[in-house]
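What follows is a set of structures to go through.
Heads up, the next two complexes both have chain A, just with different partners, chain B and then chain C.
Our next item is the complex of A and B:
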């Protein structure tokens, strides 16, 4: 299973792109583990996750169509 | 009721509206927006907040512009929720919100919030609460671009 991820703000500097695809992530915890392995700088970054535009704070199951957003603290206005 | 300018009245069942504009919000656009309310004679007070890009000096480098990006779909859904909440809390006649995307130079306007009510208090309080919620809840990010073209990501205060 492939999971599509969109990346915002300063996290785009860490990832080097504004989107990426992660394989075989069944839930958000394993996705985060996988991401931090690939991008160790994420470990020291403040960010939250949205699954299909909803903020998630607890481990959340992903399905094939889920879109995950990695979002650093907002700074609009 | 909707008009071409994307106005909203206090009626139920509103659809998410686009609040994003490319680049700065022009003073003439704000003036037109005010002018359009002259036909709404039940309004007795307007409250307007304008967010302007500051030329902060950080470590000796001056901010020339802020480049805004957003998770637009999520931001519009969130803005819709904020709008619904504000309309149910305050006795408003209408509300308009415009937020910039892309580059906005120092001195230009990047956020325009405009609330109107029969009596001033509702418009003033609703405007303030809407601005605070936009800052806290909308997935929007500002990149401060310095005069020398280096940048840093903005941190909200």
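Our next item is the complex of A and C:
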């Protein structure tokens, strides 16, 4: 199973791209674990996780074709 | 103002079938507060004043500088060095002399926030830092105000509306802390000065904020309540996100006005949590008052033993695993000389953030015992 991830703001500096594909992530917790292994700087970053355009506040099962968004807070005005 | 002039000024929006005379009346009666007259504030303000929002408040203690002018479109070179709230008021009053504009050339703080915000229906956040954003969010929740949120970074912007009023279906409105419960520390997320921002971006996002405000006031269209839109000026991509409340959010917001007044928002966002050391006298008065958890962070069996006041024993090495033992909102750590307790206070501040006030006893238990010995019996 492939999960598509879109990345916003300065998280793109960590990932090196605004898109990413992760294989075999069954739920959001294991996805995050996998991402933090690949990109340790995510550990110290604040961001929200959305599954199919909905904010996720607890571990959520992923379906085939789920699209995940990682979005940091912005401070500028 | 006579009706002819009113009609002439606003007729292009009044002839919209959703808007009409009624929409214009609602705008003229509305009171909107814009906090921060920077990039977002300038563009939002221009359209709100143009549209005829009857009362507009502008809060900003900052002065116009040359590096603002590429995006803060209300100002000119001659305004450099002058207060933004006052300059914006003057410019906008020329655009629309029929509305009331009030300048607050001061920084929004916990001390003045309630007094300023109370008089307005809708609060617009055009600030450029997290301590202000979290303070405004919390104040809006406590005051039951609708909060139009916007923020920008480099080429991307976010817009959302947070409304405490129960929506259809009886669910409580979402607030900013449902997205990001705790503020990032200074430097964790770069601001415009550090990361840069393209001038048109706050123009676009600020205009979207004005649009949301106008829709909320007139009750037309579908607003961004419980939704956040992200716009990317480089790619033109728009991403919309449905928001939902988190269970613990309410516990992070001060429970009432007096708790709000005591919240130090600058401190919450300070890069290095300022570890607060207290001397023996303050320590004694805290113990006397009660409502404090005192923790001995020395290893077991270290001397001198302490029997004079109630305390928990959690050695520094086991602190992180045992935080559930700490119940009070105020915590004081002590050790032999004050060094390990300072370290412990750092760990505890990191864990509890704004939920508890954490202190370290300066000079440790040795200093305390020495001081007690000196006291007249």
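By our rule, the second predicted complex is superposed on the first by the 73 of 77 C-alpha atoms of A that agree within 3 Å, B and C clash if a C-alpha of one lies under 4 Å from a C-alpha of the other, contacts with A are read in each partner's own complex, and residues count from 1 in each chain.
Here, a contact is a pair of C-beta atoms (placed from the backbone, for glycine too) under 8 Å apart; a residue touches a chain by one contact, two chains touch by 3 or more.
Only a predicted model underlies this, so the values are computations on that prediction, with no experimental measurement involved.
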*Pick one for A:46: touches chain B only (first), chain C only (second), both, or neither.*
second
*May I ask you to decide whether A:71 touches chain B, chain C, both, or neither, giving the answer as first, second, both or neither?*
both
*Applying the touch criterion given at the start, work out whether A:57 contacts chain B, chain C, both or neither, answering first, second, both or neither.*
second
*When both complexes are superposed, which of chain B and chain C contacts more residues belonging to chain A?*
C
_Contacts on chain A seen with chain B and repeated with chain C across the two complexes_ = 6, 8-10, 50, 53, 69, 71-77
*asked:* With touch defined as at the start, can you tell me which chain B residues reach chain A in the complex?
replied: 51, 68-71, 73-74, 77, 99, 110-111, 131, 134-143, 153-156
*Flag every residue of chain C that touches chain A in the complex, lowest number first.*
36, 38-41, 125-130, 133, 150-154, 156-158, 178-180, 182, 184, 188-192, 195, 197, 202, 230, 239-244, 246-247
*Write out the stretch or stretches of chain A touching chain C in their complex.*
6, 8-10, 44-46, 48, 50, 53-55, 57, 69, 71-77
*chain B contact footprint on chain A (complex, rising order)*: 6, 8-10, 13, 50, 53, 69, 71-77
